[in-house]
């Protein structure tokens, strides 16, 4: 198995370490991720309907996601701190019982930004849950996953089409 | 529809607010949540096998989850800050292709701790993803949901058995 | 001069200290504050007009203000950490060249929440500045002040009417 | 109107986004800002007089301002995280009823540091308020504004002289 | 061995957990700690001498210590978040080659505040190191320890006199 | 005395400032530090012995140290924020009554990482204290110091052998 398929966050003794990236080049790196929040159809209907559709709900989730991307390294112990050059978080209703969250993060730097994109999606989903939980405590967050990444030595990654079918697409 | 089923985080104008809980009594509140991280069987096998089974991997995820529970109010804009009296995070292999994460939070206070338990599960899952992503970028975080909550005016909640079947059980 | 009019954050040696509040009773405390962001009339017009009036701008400022209230003790070195029971932040256009921000914080606790209300107003104003700076770098944040506080040994405070005239009213 | 005068923090749909700066060059950028804290003459007199003039008061405000500059991106949702190369915060009495705060931030990077300089001024002012509020709750923070910025595509900005007259100068 | 002498932060499986304190009573708890920063006599002389003795150096260390006490639960994974009711940090020269740091924390709550007092001492010492390192990189932080604690089920603790002799006393 | 031996964190007035590093080159910088936690022999014996030697204890301390390195600039007011490229924290028993902690931090950047390495060692030590305090409140953290640094204008530093003798070696 190639060395790129090792648990790089562990030393030979199995101890956690923050991987040394000081020899990696600074390049543009990008990652996209998604999450799905499944809810009762009546919850989604109330969220989308009315004269004041969803009020601040989607805006709050969007901002929470963007803010969380900037804090991924505080939440995930072995993540490198980095200075993201762009973050986007979008929410859309999907079918009659789900909201799909898609995120995109970019960096000029030495490490990938998969964790930032995944963290943005997760926290946007948690925030949506928080705002709707008074009406629907049985909501479930599904399919948090990486859709695509580019840049860096490990090359391009794209989620398999099958995987995507269960998600937002 | 009873007033308990309103979007309490929104004002009448649809504006985000942090709900006023100053009139609620201080009681013991508890919540349990879960998340499932699905991965390739070979990834799980490598994680569980060997002389040095999983090294620090589960410990790092556990601690990241506990730390994240304490920071839920920093991540989720309308969450109240609170002083948790207990946090537990456990990880277990499930079948040949998944790790199940179960969390439990307790509080003597005026608000429920669902978001803290859900945040702990989410961040433990993200941390597990981070530590294994070099060997398996297609991992997927599934079924982040509330299992049970007790204490507070909204009463006891328990996830439906069906829902549980897809999760850790 | 009564002892209540001392610089309580300084020891007799002039050294900073976090005041001992352990003997104070837990009571409901509340504070309201305001800030005004003055801008070019064309900036305000663009912010308020159109099919998509102000998009997320006011929502982002509102959420930033609420989140900042929870972090006042991290920003202001001698502020006590506390668990706010309610936070509200509202933004309204005033005249043709200003946005008025009003905040309200509540606590069941041992210290006042003036700094939390003032911090919420300040950070909401900074966030508004951030979102509009590409079109109007000369904006100015004015009149950050306490409007009213209640609860606690120092009693009720209400800003003088004169003072209010320059502000949002 | 040139594209540089758009609300760059909003997408075409009016949704908040963190602007993509990955194509901007790394250059030295600098910004200076100010704030004025107006207080009762007796408050200022007590702050400045005595054998132990102002004790730690100005030092605490200075340090709070410097620390806040480093956290601007945590407070302001769409601000990029960045690694400031210099921060200065100075406080001076002005006339008999005000303290003037001046800040300066520098960066080798891809985004301007206006928000960092403004945040430093705001939090230094809030900290001064906090330390004096036991003797003067009617203090007011005025004229938080950008004095000058340089570096970056949007070019040099200098506050108009009129504006300065009301401020510290 | 009594149960009070167990590693309470570990489950029976040796897994980290945040201890459940929800059944403990809210009482006044207090802890005092110390640290010693040993340096070259010339470094201390320069710190203490002159027309402008030590400038902001001791103030910065004091404030850093106070701020750190409020963040102990963010740094130490299994520490409970809590709302300190008082924090004091004092620095004094000792002999010709050391600065002694003494801290005191108080809480009305369910857990002890030893870690907060120790964290305040440690971070004040690190900050002193930071401010003096350009002139003396060989400084050493010694004797970070608990001096006394009171309140709570585990009773009163006082450091042994011998131990104290090596420290600040 | 050369200018490199000034208190660079102070202005000519003795005021705290964050030193301007914008003219320094980006180079690889590295620092190693250590701390010793002295405890009762029985405490160390219990920590190291058994079927489940030390459970998560060392892992929790390691992760706390790594996380703290990333936050040094939040704790130490005049530290520059920076994006570490590597962090390692190792703990080892030494003799029958001490645990030795060694840390290493790396950066491609404009400032040294001594404070990051020292902060990692300090917080790992505090975390170890936290996890063992229920069995041994008299533990003492000793010899937090810089072992070596390289990179940057101030050149290479190595702790004197004598100093090392009292520490981990």
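When the chains are written out, they are named A, B, C, D, E and F in that same order, and each has its own residue count from 1.
Keep in mind that, in the parts below, contacts are C-beta pairs under 8 Å (C-beta built on N, C-alpha and C of every residue); 3 or more make two chains touch, one makes a residue touch a chain.
Here the structure is a predicted model, which means the values were calculated and not measured.
Counting hops only between chains that touch, chain B reaches chain D in a minimum of 2. Chains that touch both chain A and chain B are the following: C, F. By number of C-beta pairs in contact, C-E leads over the other of D-E and C-E. At the interface between chain A and chain F, under half of the residue numbers involved are used by both copies, so each side presents largely different positions. In whole angstrom, the spacing between the mean C-alpha positions of chain B and chain C is 32. Centroids built from CA atoms put chain D at 16 Å from chain C. As a whole-number value, the distance joining the C-alpha centres of chain C and chain F reads 38 Å. Shared interface positions of chain B, defined as residues touching 2 or more other chains, are 15-16, 56, 59-60, 62-64, 67, 71, 74, 77-78, 81-83. Under the stated contact rule, the graph of chain-to-chain touches falls outside the line, ring, star and complete shapes. Interchain contacts (touch definition given at top) occur between A-B, A-C, A-D, A-F, B-C, B-E, B-F, C-D, C-E, D-E, D-F, E-F. Residues of chain F touching chain B in their complex: 56, 59-60, 62-64, 67. Residues 28, 59, 62-63, 66-67, 69-71, 81-88, 90, 106-108 of chain B are the ones that touch chain E when the two sit in their complex.
Across the complex, chain E is touched by residues 11, 15-22, 73-74, 77-78, 80-83, 109-110 of chain C. Against chain F, the residues of chain E that register as touching in their complex are 4-10, 13-16, 46, 52, 54-57, 59-60, 63-64, 67-68, 71-72, 74-79, 114-115, 118-119, 122-123, 125-127, 129-135, 137-146, 149, 154, 157, 159-160, 163.
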